[in-house]
Structure formats: structure tokens, C-alpha cells
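Presented below are the structures under discussion, each in the form of C-alpha cells.
Across the two complexes that follow, subunit A remains constant while its partner is subunit B and subsequently subunit C.
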Partner chain A sequence: MSETIKFTIDGKECQGTKGQLLVDAAADNGVYIPVLCHMRDLIPAGSCRICTVKVNGRNMAACTTPAEEGMAVENNTPEFLDIRKAIVEMLFVEGNHFCPACEKSGNCDLQALGYKYQMMVPRFPYAFERREIDATTPKIFLERNRCIFCKRCVRVIKDEEGRNIFAFKGRGNTLEINIDRKLAATMTDEIAQKAMDICPVGCILKKEIGFVNPIGQRKYDTMPIGSDIENNHQ
Partner chain B sequence: MSKPIIATTSLAGCFGCHMAILDIDARILQLIDLVEFNKSPIDDIKTFTKECDIGIIEGGCCNSENIHVLKEFRKHCKILISLGECAIMGGLPALRNGIPVKECLEEAYLNGPTVGRNTERILPNDEELPMILDKVYPCHEIVKIDYYLPGCPPKADLIWAAVVALVTGDELNIPYELVKFD
Partner chain C sequence: MKEKIISIIKAHGTDTARLMDILLRVQAEFGYVSTEAVSIMATMLHISEVDVVQTLSFYHFFTTDAVGKYAVYMNNSLVSCMMGMKEVVDEFEKQAGIKFGSKTPDGLIGLYYTACIGMNDQEPAALINGIVFTELNREKVRNIVADMKAGKSVNDMVAVIGDGINANPLMKSMVKNNIRKSGPVILADYTLGIGIAKALTTDSKSVIKEVKDSNLRGRGGAGFPTGMKWDFCSRETGVHYVLCNADEGEPGTFKDRVLLTERAYMVFEGMTIGGYAIGAAEGILYLRNEYTYMKAYLENVLNDMRTKNFLGNNILGKGFNFDIRIQMGAGAYVCGEESALIESSEGKRGEPRNRPPFPVQKGYKGKPTIVNNVETFCSVVRISEKGASWYNAIGTSESAGTKLLSISGDCKLPGVYEIAWGMSINEMLEMVGAENVQTVQVAGPSGICLPPKQFDRKIALEDLPTGGSMIVIGQHRDLLKDVVLNFMEFFADESCGSCVTCRSFNMILRNAIEKIVDGHGIKKDVENMLAWSEILRKTTRCGLGQTSSNPISTTIKNFRELYDARVKDVDYQSDFDMQKSVLASCEAVGRSSVVHE
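And then the complex of A and B:
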């Protein structure tokens, strides 16, 4: 049987199982720690750092840190709200995020974090880099202007034989998400939909359908991101 | 005490943000009780005739004239507000950012599929025309901006709440639903 441990987040007493990732343990206790690259039950990538918390005085990514007995975690402190806001702002200026013209608008995790932290304008200058769109595969658009390099698609989306359909190419500022054209041609509608759904932003888009839900009925129109986790527990 | 004076302008925008100002509906009657308008497309005053308290900017800067007008606003207004995505981050006109201007102009006037007859292959070059900039600039990259109201366009309730808070000095509490980037 797994060992039960106790820890605190911003002073709140929490329980988890030993070895459970902090971000998941927090969610089970009704505490929302924001994520962009993390997905439960997936090997952590730890690439976006939006989940940064302070554990016993040190900054750690909550999606790569296992919960341990007696941990004192700082989460919603002014310091961390500002760090996270800065990360969101950085992601906005690094890509080209024209929300008014984006199919994911209203359902986008990055945008929803912008709302949560009341980003009115990024503190950093816009990069306005040119990035190419890949529309060559039958089911999917790759709108690279919006990719935040979370690697979810690379880690989750496989063909029937377990081969990756998505992959990164390049490094640093030449890093680019790519799609294997041959394998992509075999993608079913379900896989294409799944790829679009797990992409936290509007980079992976299913062709021939868009703007399905009208404004007012989208995921984050009235419900701040994370409120499902916070409301589920007391 | 005299009423606070507001000026507004539309730079590289679609005028949607100004329509959103008018979207406050009947509250416009309260607004004219609260403030006086100076230079603005709403009253068609074309040049500043007074120093203003609040300048509301729609649109980013895509050409030399936009820069000129924005600098005039900074000179004549105590507080400047970037209203809407175009003013805040360039908005849809900034889709051209990252593409060289020459390429954009050639696509628009020479090579695009909807270009009509331009047999002399002229790119607009009349000296009356403002110079197009290398990219569309967010307003705060040109002058200091004091406040930002996001949205495309920002919701009328947001504009109303912000203007009233500024004029009355009351605290501004913005409900979650009002701040959106689209």
C-alpha cells in the first residue's frame, strides 16, 4: 500500500501519497497550481515553469517535484503570482498571439492564464518573429506562431505502432514543432481531435472545423482556469 | 470645478474600438454629464483646442502619421489609455510584422490574386501619403502609455467602468468576464 504523507501549501494542510507529483497532489487537495506542459500520468517535461512554487525556501517546478512528508509549499504568494504572470507575458511576446483571430480563443490555457493573472500588457517587447504555418497534412494545421514548445503533442500523440507523429526540430531560437507527413496522413479524426485538445494553445488545429462554440459558451469565458480544481474540494 | 476633458483617436485600427465606446448605449447621456470631449472622431474636432485629461487611443502605429498623432496625444493629454488589442499589441494589422514591407507591398499591389490592372507596376508613392513603417508598433513602444484596456474590441462595460473610475477616482474592480483578449 502506498504511504500517506502530509504537507502544507500556503499553510493549508494537505495529504498525498509518497512520490506523487506535487502538482497532482495539490490538485487532489483542491489547490490549483497552474500548468501548461504538464498532464497527469504523463512523464513530466518540466519545460514551461509556470508551475513554479517555493518548497522549503527553494524555487521548484511542481510538476517534476515529488510531494514529501512535511514539505512547506508556497503557491499563491505575491512573488509567485508575479513570476507566473511574467512567464505568461514572455510566452505571449515570444510567439505571435493574435487572440481575436485564433480558433482556440476562449478555450486556450495560455490565454486563460493571461486572464487569471490580469495581464493587461506584457512587460517585455514583442518579438514578432516570422514563423511558417504547415498546412500540408490532411487533417491538421500546424499554426507555429502559437506554439509554446510544451511537448505535449510529442509525448502523447502516436500512431498505431507507437511512432511519434510530432517532433521538435532545431534548438534555441530555431526550435520548431514538426509533423511527420507520412504518419500524419494515417491520422484518424479522433487522433486529430485529441491532438488539438491536448495542445494547450491554438497551434494544432483540426481542419474543416473552427469556432464551434460561440463567444460566451467557451471554456474560459466565465470560468477562470483552475476553478474546477478549486471548486471540487470544499 | 470644470469637467475632465477626453480626446480619442483611431490609428491603425478598424474603428471597432470606437464603436465599443458608443456601445455604452444610454450611459452616453451620463458620460456627457461627466466629461467634455475635445479632439475625437466622435465630435469631429480635428485638432486639439484644449489640454486634455484623458486620451484614448485605438489602433497601433503602422505609418508615420500614426506616430505623429500619438505623440500629439502624449503632449496634450495627462493620461493615455491604449484601448483594444491593436493599440496594445498591434492587433490584426501586425500580422504583417515579420514580413518585409517590400514583400507586403508587392503582394498587395503587384502579385496578389485580387490585384486589378496595375500595368505600370506602381507601388503607392505619392508624397502626400504617410510613410509605412517597417512593422506595426504597439503604442507603448512609441510613447508612455498609462493604462491598458484589452479586447477586440474591449467590452463597453469595461470602458465605462474604467473611464468612470478615472474620472471619479473610485477604485476599479473588474469582474473576470470583462477582460478578454478577443
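And then the complex of A and C:
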């Protein structure tokens, strides 16, 4: 039997199941905590840090923290709104993101968060990093300029025998996403499409097909990111 | 090559969890890990090639190109630079005819930089094919390179042997212990077996209670109560593990190196007591790659302890089974973080884990695990021997016992000191013969840069906590350029990169301090650095990111005038430097540029 618990987010009374990740419990109560690396039912990566909230006075990532009875969570405070904006800005200066030319524009979580937090000019200097594009595999373009290292593809996309098709390479500022050429050659169209769909940005692109949905009719063109969660519970 | 690689993989049980060891063997055997080797490993271990590469590419001492028959890894951390690294580098480059970061066309000599190698009391120091060379100067470098050209083996280049166990035939190292002050707990006379024998006469609960009552707190720097950690772990069911953290990577610490040299038996005895306390049968000593020169000696100590029945089955006839293996690291500071150390021990990238669960719940191979520092385990032995109240009487009310300090930098007597907690910085400086001190870097780069007006503060967990690194910095040093920039480069290199803020902010902050050092800074830059440091501290996953902005934030707080003197009071100043940008092309064409302001 799962135990029901009560907690608050910015004063709002919430209910959840003990042990459920805070970010999911919040969503079930109509509270949006932004995520880039998190996906429900997937082992959390805790890597993008944009879901950082304050729990009983301590800063925690909502995607790796289990909900507990009596937790007092601070989410949409000026402090965290600014931190989240800073993280979005940081990702924009770290990679090379040119939204107008990107196939994922309008379906991109990073871009949508940029709008949500009303990013204008990033406060940080651009890094202008050189990143290699990998187009050597049959189904996928790996557009590394846009990678935000969320590890979704690493965690989700496997071959038939459970081996990783994507993995990190290097560390720190030499970190890059790597694709296994041998195993990627065995990818089906469905897996390739899935890889593109779970990528929160425009790093993983399926070859030979593009702009099926025209810009203007895409996911975040009509509704801001997180509004589905917030609207479900009004 | 193929057969050899296959046999290495088989020797490690064709086990993916031993990927670190497989890669280390291959690297040692061939001087690099080839694409072919990666492919063979992937096939035999039944993982993808990118999985092999993700571990391979994480560690500093794994390479995919041959490093050279003689691979020089020069320490470029702060104290090495302070003690004259620049001259040594210049001489190496002159003699070898190449720049650092490359190897000679014939593949004979490779020159590379590396982070602190745990020799701060005898800098400048370098590793050459894993052998330590200390107190380098131009003359020594000339001899070394001449020996290389003559094809001499690296072991034979070691002319003068160090003191104590460093002279053991299995170690035969030029490293010096520099033990300057012994205390009652760690460096007092030690006889193998008293602590473990006493522990085995009581039950495991009593051992934990004794450690709890002693108020021993973790000696790696974080100061978590050891007894409490053991208690949590012992309450979990199933197989348990003991890990000893000998990944002494904080620039400026070297006391664990001395303990592993002079108190190896004590370290292993402490691990065994830990194993008995929590109910583990297996222990792992995670030894940093820089200390590979000790491995043969340590293996020999383990064998000796097995022979004497201090390890193995039915230890001292008390029915307790415990053994220890050594896991070598491969060069990654972040592996000193306990969950990253566990990941690395499992053959993976040293990325810190998300918590919960904590290692005491789910650690090595997902089983309850205690991870303790080398010095912590040594302390446990003495606590078992002399009792909690004896131990507790030493030190301060909140910091029981003694602490080993690794003191280096601008002082007459760098080395290892065992002090009772509670000593003031002033007393410490007098002890080491330091004058005209600008600052003391307490607890290494991740600690604080302490101004003289605070030198009356006490070295204690409740005032100035430290894992032991104490770097004395004289008045004549350029604090921002020599110290802060060096530290930030270190953190930018050593961030595992898996969380956004640590990966990105350390680069951003590194560039920001460089902008100021280069004279392009403005007042706003200083405010920005403070604000950005705060975001990094609040959002990052592990201790590395939570402390990596300290070189900047503590110097802005304590030495604001140094920043103010360097920045301009204008709204905007580009960090673009025309002269610097065209320097390489000017050199190439043999001209100089004229820039009009």
C-alpha cells in the first residue's frame, strides 16, 4: 500500500505518495516545476538543476528528492525564478543555439523555458564553443551545438540487447554526447524518432524528414511550457 | 596486441565492473588505449563501444594516443608553480625540443601537465611513467632527459632514495615523508593487531558505540560523524562493503600519502575493524593513480597481513572473514567525492550520484557501504586500542582527537604535522616557520583564503574545518593571478560536467577572473562573480560545485582591495585583447602589430 502524504508548495496544500519524486508529485497537484533532464518513470539524472527548489530551507533538485510528509517547498520565489532564468541563459551561452534555423524550434523545451523566463540577453559571455556535428549514422544527425547534456538519450535509447547507443565522452568542458556508430546502424525508424522526440532540444534529429509540422503550429507555439500541468488542475 | 588485450580482460573475469583495471592494464602495457582495444573490450564485455569510451575518456591518465616512451606529467598546481615550475618546464621543453602537451616526433618523450600529485612539500614534482620525481630544477631535468635519450629505465633515474618506508625495495622512491610533528593518535608508535584484537573480543555494536563515543568525525574534510555513518550502514541488511578513500586529490594535501607509506598496516587494520563493525567481508582501498608507485608495497602489506591472519578467513580465530583489494584510480579529482569514488570502483565514469539513496544505504554494487578517509581508519585503530574517552579528551569540545595537516607553500618547514584540533593559524605559522604571510589557503582550493586579521581563528571543525591542506602564501605573491586563477583552472578541468551549473559556471568564473587578471575587468564583473558563485553553490549536485567558487568568493570577501585595484569604474569594457589575439600570427610572419586605442 502506498502511503498518502501532505506537503506544501509555495503555501499551496498538496497531496502525494510517499517516495514519489517531488517534481512528479508537484505536477499531480497542478504545480509546474521546470525540468529539462527529467522524464517521468525514468531514473532521474539530476543534471540540469533547473528544478532546484528549497525544501525546508535547503536547496534540492525536485527531480531527485522524494516527497515526504510535511515538506515545505519553495518553488516560484523570486530567488528561484532568477536562478532558473540564469540556468537557461547559461545553456544558451554554453552551446550554439540558433532557434530560427532549428528544426526543433517550437518543440524545444529550452527555447520554451527561454520564453517562460523572459530571457532577453544572456548575462553571461558566450562561449562560442566549437562542436562537431556527427552525421555518420544512417538515421540520426547529432547536432552537438545544441546538446544540453540531459542524458535522456543515454538513459532511454538502447539496442535490442540493452546496450547504450548514446553515452557521454570526456568530462567538464570537454564533455560531449557520443553515438555508437556500430549500434546506431541497427536503429529502426521508430527508435530514431523516439530519440528525436525525447531530446529536449534540437541535438538529435532524424534524417530524411523535417518540418512536418510547420513553425507556428508546434507544441509551444500555442501554449507556454508547463501550462498543461497548471491548466489541468485549476 | 589482440591476444594480450584478450588475456587482460579474461584476467579480470571478463567483468564490466573491472573496466577501470582493464583500461589501466592496457594503458600500462601499450602506452595508450587503441580503437582496436576499445572494440575488443566492447565485444568481450558485451557493452557498446561508447560505453567503453565514456569511462576511458573521463580519466586524465587514459589516452587514446601513445603518450611517449617516457611520459612526463608535470604538476602545475599552485605550490609547484610557486616553487619554480616555470623554470623546470622551460628546461624540459628546451632539452626535449617540444612544447608541453605534445611528444617528440620519434615518440620518445611526451610532456604533459597534471593536477596536484600529492608532493606539495617537495615541489616542483612530476610523474614520469608513474615514478615520482621531486624537487626538480634545471640541472635535474637535464640529467633526466639525457637519461631518456640514453634509454635508461625510469627506476634507474632515481638517484637519491627517500626516508622511512620510501626506501623499501618495493617502493624505492625519492619521496620524503617530512614528518615534522607526531601526535598521540596517528603517528605515535604503532603495533599491528592491538586495535583489531580488542575489537574482535566485543560485538560489532560495541565497536560502533566506541567509535560513536569517541566523537570521531570524518577526516576527509566534511567531518561527518564516523560512528553515526557506521551505525546507519550496519542497520541495512545484506552484503556490506568497506571503502577507504585514498583519492587524496585536494591540491595541497599529502598526509594520506605519508600514512599509506608509514602506517599502511594501520590503515588496513582500521578498515578491518570497520568491516567487523558493519558486517562486511570485503574492503576496497581506492588509491589515486598518482600513488601507483606505492601499489606493490601495499599489496605486499596485504599479503603479510593475510599470512599473519589479520586478513582472510577466521581472523585471529574469531570467526570473522575480511579481505581487502586495491582499486587504482586513473586521475580525476571528483572521485574523492564518495559516491563518485564508488562509481569509479565499479568501472564507470566518476560522476557523483544523486542522493538519496546514500552510500550507507546503496553504495558499492548497490549494497550498503561505508566510505571513510585513510586518516579516519587510522584513528579508529587507536580508538579501539585506547578507548573512546582517552581519544575524546584530545582536541576541542566539538572536534575530538588530532588532525594531520599537510602544510606547504611559503614556509621553512613544509611537511606533515599531527596537531590536536584547536591550534590557531598564528600558532601554526610559527610552527612551520612562516613570515610575511599574505594569506593561508585553509583546506585547499575548495576551502577559504584566510586574511591575516583572522589568523587567531582555530583549526577545528567548528571554526576552520579542513581535510588537512594548508597552503601558506607569502606577501610577494600575486593572489589573483598566481592563486585564484590557478585554482579556477583546476576546478574547470576537474568538474565531471554532468551537472549544468558546475560544468558551465566553473568555466565562466575561470574566464571572469582571467579577464580581471588581464586588466580588462570592470567593477560590475566583481559583483557578477559573487552573484554567479552563489547560484553555483545553490544549484549544484555535489561538494565540488558547492565549494569550487570559494577561491573567488572568499578572496572577494577578504581581499576586496586587490580586485578594486585591478578593475575600472566604467560601464563596459570588452575582454577582447587585440594584441593577444594576433600574437600567434605575428610570430608566424615575424612582424609586430600596432594597435590604435
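The rule is simple: the second predicted complex is superposed on the first by the 234 of 234 C-alpha atoms of A that agree within 3 Å, B and C clash if a C-alpha of one lies under 4 Å from a C-alpha of the other, contacts with A are read in each partner's own complex, and residues count from 1 in each chain.
Convention: a residue touches a chain if its C-beta (ideal position, glycine included) is under 8 Å from a C-beta of that chain, and two chains touch if they have at least 3 such contacts.
Predicted, not measured: the structure shown is a model, and the values here were computed from it.
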item	value
Simultaneous placement of subunit C and subunit B on subunit A, clash or fit	fit
Inter-centroid angle subunit B-subunit A-subunit C after superposition on A [Cα, multiple of 10°]	100
Which of subunit B and subunit C A:171 touches, first, second, both or neither	second
Comparing the two partners subunit B and subunit C, which touches a greater set of residues in subunit A	C
First (subunit B), second (subunit C), both or neither touched by A:66	second
Subunit B versus subunit C as contact partner of A:125, first or second or both or neither	both
Which superposed partner A:98 touches (first subunit B, second subunit C, both, neither)	first
Which superposed partner A:76 touches (first subunit B, second subunit C, both, neither)	neither
First (subunit B), second (subunit C), both or neither touched by A:20	neither
Smallest separation of CA atoms, subunit C relative to subunit B, angstrom	7
On subunit A, the residue positions that both subunit B and subunit C contact, one per complex	125
Residues of subunit B that touch subunit A when the two form their complex	82, 85, 88-92, 94-95, 97-99, 135, 138, 140-141, 145, 147-150, 152, 174, 176-177, 179-182
Residue ranges of subunit A in contact with subunit C within the complex	44-50, 52, 59, 61, 64-66, 83, 86-87, 90-91, 93-94, 123-125, 127, 148-149, 151, 159, 161, 163-175, 178-183
Residues of subunit A that touch subunit B when the two form their complex	92, 96-102, 105-106, 111, 114-115, 118, 120-122, 125-126, 128-131, 215, 221-222, 224
Touching residues (chain side subunit C, partner subunit A) in the complex	46-51, 53-54, 57-58, 332, 349, 354-356, 492-501, 503-508, 511, 528, 532, 535, 538-541, 575
